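In C-alpha cells below, several structures.
Okay, so chain A shows up in both of these, paired with chain B first and chain C after.
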Partner chain A sequence: MIRYSAFFPELVLAITAILIIGLDLIFKKSKTKQSFLNWVSFSGVLFSIAIVCFDGNILSTSFHQFLVTDPLAVFGKIIILVSALLTLLMTFRYFKSNTTEHQAEFLVIILFATIGASALTSAQEIITLYVALETLTISSYILAAYMKRDAGSNEAGMKYLLLGAFSSAVLLFGFSYLYGATATTNILKMNERLMTEPLNALIVLGIIFVIAGLSFKISLAPFHMWTPDVYEGAPTPVTAYLSVASKAAGFIAFIRIFLVALNTPALVHIWGGLFAVLAALSIVIGNLSAIPQKNIKRMMAYSSVAQAGYIIIGLLVNNQLGLTAMLFYLFVYLFANMGAFLAIVIVSSQINSEQIDDFSGLWKRSPLISMALLIFMLSLAGVPPFAGFTGKWYLFGAAIQNGYLWLGLLGMIFSVISLYYYLQIVRRTLVLDSPENKPISISVIEKTALIICMLVTIVLGFYATPLMHVIHRTVGSFMN
Partner chain B sequence: MNNLESTHHFLIANTWIIWIVLAPLVGALINTGLFFSQNTLTQSQKQKISAIIACTAAGMAFLISFFLFWHMHSQTIFVQTLFTWINSSVFKVRFALNVDSLSSIMIVFITFVAFCIHVYSSGYMDHDEGFIRYFIFLNLFLSSMALLILSSNLLLMFIGWEGVGICSYLLISFWYQDPKNVQAGEKAILLNRIGDVGFLLGLIVVFSTIHSFNFIDLEAHRHLFSPGLLTFVDLCFFWGATAKSAQIPLYVWLPDAMAGPTPVSALIHAATMVTAGVYLLVRLNILYFLSPEASCVIAITGVLTAFFAATVATVQNDMKKILAYSTISQLGYMMLAVGVGDYASGIFHLISHGFFKACLFLSAGAVMHLLMQEQDIRKMGGLLKTFPLTALVFLVSGLALAGFPPFSGFFSKDAILWGAFSHPNPLIPWLPTALYTMGLITAFLTAFYISRMIILIFWGEYRGNALNHTHSLPWVMSVPMVILAIGSLIVGWIGIPKAIGGKDWINHFLHSTFFLIPRFTTNQDHLQVVLMLISTLVSASGIILAWIRYVRYPKTRLENQPQGFLKLLDHKYYIDEFYQKTIGRCTSWVAGWISEWGIENQILGRLVDNIALFFEKLSKGYQKIQSGLVRNYLFYMILGAAVFFIVFVCNH
Partner chain C sequence: MLFKYGYVLAFLVAGVFFILFAFLTNWIISPNGLLGQKFHENRSVDTYECGVDTIGTAWVRFNVSFYLYALLFVLFDVETVFLYPWAVSFRKLGLVGFSEMIVFIGILLVGLAYAWKKGVLKWE
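Let's look at the complex of A and B:
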C-alpha cells in the first residue's frame, strides 16, 4: 500500500495550482478575478504551512521510503514555504506596475517550483532528489524568463537554462558514479556501502561532479557566474525566490547527500577540504564583486554568493555544532533577505528603477521601509544586536572550533568589508536627500510582513532560545 | 493551608515579575506606533491617548510591584528565570529576575514615584510638541530602571544601567532645538561613559575571578577574591557609581542635566536614576563589607561631596540648580552610609529623599509652569498668597529636606549620621567623629539653603513681571504633588529608631538581604537621643539663620554681587572651568597634534585609503571575468571542477 502522508504539503500545493489553472479558464479576465486567484494561491501555501507545522512531528515515509518527513525536512519545508508565501506577496505588488497577460500562470509556476523544493527536502533517494530538483529548476527557468517583452528577463531565462542544464547534467553524471560504486540509490544504504568500499578515483570524480552540480544551485564560487546576470534580469519576486527558497532546498540536499550518504571518514577528508576552498572563494568573490554594483538586484546577487559561502561553513565542519549554526543562519537569512527583497520590490515598483542611487531620500518617502532596509542590511552584514550577528557568530565559532581558524578569520574580515556595500544602501535611504518626496504607498499586508520580518530579525538577536530548541531537536535526530 | 496559599502567591509572583519591566516597554512601543501612525486623530486626541497609555503602563508596573512587596516576608526571594540569554561553553548568562527585600522595596518605591510623575507630566507637558515622544522616553526609562533593579546578575543590570543612561540623555536633550540642551545631554552621557568604564572593568574582574555574574554566586564565592583584588573590584564599581550617582569627581553633569523638562529632573535626576549607583553598591554589600579600604574611600568621598555640593547650593539663584546641588549633596549622604557599612540607612535615605526631592522638583515645576518658565528665585517672592497649595507642598518637602522632625528627612538623615558616628572604623580611629561632624555641618547648610529658597520664592514682595499670566494648576499636577508631599511627611516613619521607642521596621525588613553582614548593635540609646536633639537644633538654626538673613534684610542680600569666598561658591569652585582647562585642553591638544603632525592624514589616512583602494582594484579586476558570456561561465565552472580533481589526483 502506498502511503501519502509525507507528501501532503506538496499535494496541497499541487491541488491549489490545478485549481488556479481551472479557475483562470472558467472566469473572465478582470481585476477581481486576479486578486481572487492571488488569495487562492496565498491560502494554499498557508494551508500547506499549517500541515507541516501540525503534522510535522510525526516521522512518516511515503512511496517506499523515497520521501521521508523527518525534523530536517520539516525545518526545510517551513523555510521554503514561508519564502514562497513572501514571494507571492511580492508578486501581487510586482504585477501592479509590470503588467503581463498571464498572471495566473505565474502563480501556478511558483507553486510548482515550491512543490519541487518542498519535495527535495524530504527526498531520501537520489533519483527522487534529482526529480524534485529538476521540478524546482525547470520552473525557475520559466519564472526567470517570464516577462517575455523584457529583453533582460529573456536573457536571464536563456542563460539560466543553458547553464542550469549543464549543471544538472554534471550532477546526474556524478550521481551515476555514486550509483555505480554502491549499486543503490537510497541515501542511507549508500552510506553503509561506502563505509566498506575502498577509496577510488571514480568515487572522487563522482563527488566532485555532485559538488559542482549542487554548488551551481546555491551559487557557490566558482559555479556562481550565472547568479548576477539571472538575478538582475529576472522579475524581482523570482530573484527573491531564487535567493532563498531555491537555495534553502539546495542546502538541504547538500545536508542529505554529504552529511548522510557521503559521511565516511575517508570521504569527509576529501569533501571537507573542497568545501573549505569553495566557501573561501565564495566569501571573497561575492563580497568583493558586490562593492562596485550600481543595480540593487545585482548587488544582492553577489551578496547571496557570499552568504552561501558563510552558510556552507556549517556543512564542512561536519558535526552537530556546524549543522546547528547552518540551520540557524538559514532561518535568519530567510527573514532578512526576503524582507530586504520585499522592501526592494515595493520601492522599485513605484520609483520604476532598480538603481541603488534612486533609493536616495527614501526616509522622507517611507520611514518604515527605510528602517526595514537598515535592519535587514545590518543583519545581513552581521552587526549586533541583530540575528545575523548571532548566526555568523555560531558559524565562525564552529569553523574555529574545528580547526578552520583561517576560514573563520576570513569570514570575519570579509564581513567587515561587506558592511561597505550594505551600508551604501542605508546611506542612500537614510542620509542622502532627493528632490522627490512623494510618499511610497504600502498595503497593510505588506506592512505586516515587513514588520514580522523586522521583528524576527531583531528578536532572534536577543532571544533565540525557542528556535535553538527546535534546531537542537532537529540536529539531534539527524546526527549523533 | 497557609503554606499552600503562600506557595500559590509564590507561583503567581514568579511569573509576574517580568511584567514590571515589560508593561512600560509595551507602553513605549504602543506610543511609538501612535507617534508614527498617520490616521485621522487630531494632535490633542493623540496626546490624550498616549498619556493614558503611558500612565496605565506605569500604574500596572506599580500594582505588580506592590503585590510582590505585599507578599514579601523576611526570607522570601522571588526568582523568575525567563531564558538563557547567552550560552556558550565558558559564558552562560540567564535572563533572570530576582526580587528580595531590597529590590522589592526599591521597585515599589520607584514605580510609585514614577507613576505620580507620569500623571504630573501629562499636565506639565501639555501643549508641548514632543508630548508623545516624551512619554515614549519616560516609559522606556521606567522599563530600564526596573530591569536595573530586578536583574539577578551584573550583566543584565548593566543593560538597565545603560538603558537609564540613554533615556536620561534623550530627556536632558529633549528640547533639542536649543544647542545648550544638546550640550548638556552630551556632557551627561560623556561623564557617564567614563563611569561605565569602571563598571565594565569591575564586571570583567568579577567574571574572571568567579566565572559568573550572578549576585548569588558572588556571595557564595566571595572568598575567591584576594583582599587587594576585592578592594580593586570595589573601587571599580564605585567608580561607575560616582558617575551615575554624581559624586566627586564626576558630578558635574548633574547640574547641567536640569536642562531637561522638570518632571524628568524629578524622576530621573533626583528620585531614581541617580540613586542607581547607591543601589549597585548596596547590592554588592558583602564585597564592600569585606574591604574596609574601599569603604573608607567611599565614606570620605560621600561626605566631601555632600559638604561641597551643599556649600554651592547656598548661593545659587536658579531654582533647579539649587535642587540639583542639593541632590548631589544628599547622594553624598547615601554614599557615606554605604561607606560606613550602614547599608539599610543608605536605602532608607534613598527612599525618603526620593519622595521629598521629587516633591520639591514637582513644586518647583509647578511654580515654573505658573510663572512662564521663570527659574530665577531673585525674580520671585510673595508667591505664598498666589499659590497657597504649591507653597504648602514646597514647605512640607522643604522641611523634610532640612531634616526637621517629624518629617521623613529627619529620620533617614539621622540614621545615616548615627551610623557614621557609631560604626567604628578599623583603619582610621578618628574617622567616625570627622564624618559625623562634616555630616552635621552639611545638615546645617542644607537647612539654610532650602529655607533661603523657600523664603525667596514665597515670602516678601513679588520681584518679577510674569505674574499677570497665571492660571490655575490642573488636578493631574496638583494631586501627585500632594501625594508625594504626604509621602515626604510619613515615609520617614518606617525607620523610627528604637532609641525613641520606634520599631526601626526598614532595618528589620532589609536584614534578609544583608544576612551575611553581622548585625550591628550598640547600647548607647541615650547618646543616640542626644545626637538626635543636636540634629534638630542644627536644622532649626539653619532655618533661623536663613530667616534672619533673607526676611529681615532681604534687599541688600539679593542685589550685591557676591564677593570673595561667596564668589568662589557662586562659580561652583570653578570645577567646570578646571576640567575644561585641564582635561579638555589636554584632549584637544593631543587631537590637534595628531591631525597637525599628519599622523591622521599621512599614516592612518593613507593606510585606510590604500586598503580600500586595494580591494577596489581587486573587485574591478574580477569584474572583467564576469563577461556576461555563457561560454566563459561554463569554462570557469569546468575549470573549477577540473582543478579540484587534479589537486586530488596529485595528493594521492
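Let's look at the complex of A and C:
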C-alpha cells in the first residue's frame, strides 16, 4: 500500500492547478474571473503551507523510500511555498501593467514549478530528484519566456533553455557515474556503499559533473553566465521566483547529495575544496559585477550570485554549525530578497522602468516602499541590526572555525564592497529628488506582505531563538 | 593510480569509435564512397521510376498547427503505451491501480479539453 501523506502538499498544488485550468475554460474572460482565479491559486498555496506546517513533522517515507518527509524537507517546503505565495502576489501586480491573454496559465505554471521544487526537497533517490528538478526547470523555461511579444523575455527563455538543458545533461551524466560506482539510486544506500568503496575515478568524475550541473541551478560562478540575462529579461515575478524558490530547491538538493550520499571522509576532501573555490569565485565575481549595473534586476542577479557563494560556505564546512548557518541564511534570504523584489515589482510596474536611476525620489512617492527597500538592501549587505548580519555571522564563523579562514575573510571584505551597490539604490530612493511626485499606489495585501517581510528581517536580527530551535531540530535529525 | 582512469578511457574510446564507425559505414555505402557507383550525372539524382518531380527546397515554413498536432499526438501516444502494461496487470493492481489510472486519464482529459477550447484542433 502506498502512503500518500508524504506528498499531500504537492497533491494540493496539483489539484489547485488543474482546478484553475478547468475554471479558466468554463468561465468567460472578465476581470472578476481573473481575480477569482488569483485567489484560488493563492489559497491553494496557503492550504499547502498549512498541511506542511501541521502534518509534516512525522518522519515518513513513501514509494519505496523515494520520497521522505523529514524536518529538512519540511523546512525546504516552507521556504519554497512562502516564496511561491509572494511570487503569486507579485504576479497579480505585474499583470496589471503588462497584459497577456494567457494570465491563468501563468498561475498554473508557477504552481507546477512549485510542485517540482517541493517534491525535490523530499526526494531521497537520485532519479526522483532529477525528475523533480526537471519539473521545476522546464516550468521555469516557460515562465522566463512568458511575455511572448517582448524580445527580452524571449531572449531570456531561449538562453535559459539552451544552457539549462545542457546543465541537466551534465548533471544526469554525473548521476550515471555515481550509479555506476555504487549500483544504487537511493541516497542513503549510496552513502553506505561509498563508505566501503575505495576512491576511484568514476566517483571523482561523478562528483565533478554533479557539482557542475547543480551549480548551474543555484548560479554559482563560473556557472552563472545565464543569470544576468535571464533575470533581466524574464518577467519580474519569475526573476524573484528563480532567485529564491528555485535556488532554495537547488540548495536542498545539494544538501541531500553532498551531506548525505557523498559524505564520506575521503570524498569530503575532494568536494570541500572544489566548493571553497566556487564559493570564493562567486563572491568575488558576483559582487564586483554588480557594481556597474544600471538595471535593478541585473544588479539583483549579480547580487544573487554572490549570495549563493555565501550560502554554499555552510555546505562545504560539512558540520552541524555549517548546516545551521546555511538554513538560517536561506530563511533570511527568502524574506529579504522576496521583499526587495515585491517592492521592485510594485514600483517598476507603475513607473514603467527597471533602471536604478528611475527609482530616484521614491521616498516622496511612497515612504513605506523606500523604507522597505532600505531594510532589505541593508540586510542583504549584512549590516548589523538586520537578519542578514546574523546569517553572515554564522556562515563566516563556521568557515573560520573549520580552517577556511581565507574564505571567511574574503566573504567579509566583499560584504563591505557589496554595501556600495546595495546602497546605490537606497541613495537614489532616499537622497535624490525625482521630477515626478505622483504617489505609488499599493494594495492592502501587498502592504501586509511587505510589512511581514520587514518585520521578519528586523526581528530575526536580534531574536532568532524560535527559528534557531526549529533549525537545530532539523540539523539534529540530519547529522550527528 | 592512473590505471583507475581506464574505465573512462574505455568509454571514451568506445564513444569515439561509435561516431567514427557511423561515418565509416556511411562512406562505404554512399554513392561516391567505397561501394557506390563512381559516375555521377544529372539523371542520377532524379526521382526513380515513379513519384512526382520535386519542386523547390525542403526549407519551407510549416503551419504551426503541425507542431501542436504533433505535441498532442505524442502525449496520447505515451498514454497508450502506459495503458498497455497497466491493462496486463490490471487484476493484480486492483482498485488502487484502477483509480490511479482514472486520475491519470482525467488529467490528460483536462489537457485535451484545454487544447480543444483554445482552438488548437481547429485547422485554419
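Observations
The rule is simple: the second predicted complex is superposed on the first by the 480 of 480 C-alpha atoms of A that agree within 3 Å, B and C clash if a C-alpha of one lies under 4 Å from a C-alpha of the other, contacts with A are read in each partner's own complex, and residues count from 1 in each chain.
The rule we apply is simple: a residue touches a chain if its C-beta (ideal position, glycine included) is under 8 Å from a C-beta of that chain, and two chains touch if they have at least 3 such contacts.
These figures come from a predicted structure and were not determined experimentally.
Partners chain B and chain C, once the complexes are superposed on chain A, both fit on it without clashing.
By the document's definition of touching, of the two partners only chain C reaches A:L202; chain B does not.
Look at A:F223: by the touch rule set out above, it reaches chain B but stays clear of chain C.
When the shared chain is aligned, chain B comes close enough to touch A:L162, but chain C does not. Within the superposed three-chain model, A:L274 lies in touch with chain B and out of touch with chain C [touch as defined at top].
A count of residues in chain A touched by chain B and by chain C gives the higher number to B. When the two structures are aligned on the shared chain, A:I356 is found in touch with neither chain B nor chain C. In the superposed model, A:G22 makes contact with chain C only, not with chain B. Figure legend note: chain B and chain C, brought together by superposition on chain A, show a least Cα distance of 7 Å.
Common to the chain B and chain C contact sets on chain A are residues 201, 205.
Put simply, chain C touches chain A in their complex at residues 4-5, 7-8, 96, 107, 110, 113-114, 117.
Interface residues of chain A, counted against chain B in their complex, comprise 159, 162-163, 166-167, 170, 199, 201, 204-205, 208-209, 211-212, 216, 222-223, 225-226, 228-229, 270, 274, 277, 285, 288-289, 291-292, 367-368, 397, 417, 462-463, 465.
Per the touch definition, chain A reaches chain C in the complex via residues 1-2, 18, 21-22, 25, 200-202, 205.
On chain B, the positions that touch chain A within their shared complex are 36, 83-85, 88, 95, 615-616, 618-620, 622-623, 626, 628, 630, 632-634, 636-637, 639-641, 644-645, 648-649, 652.
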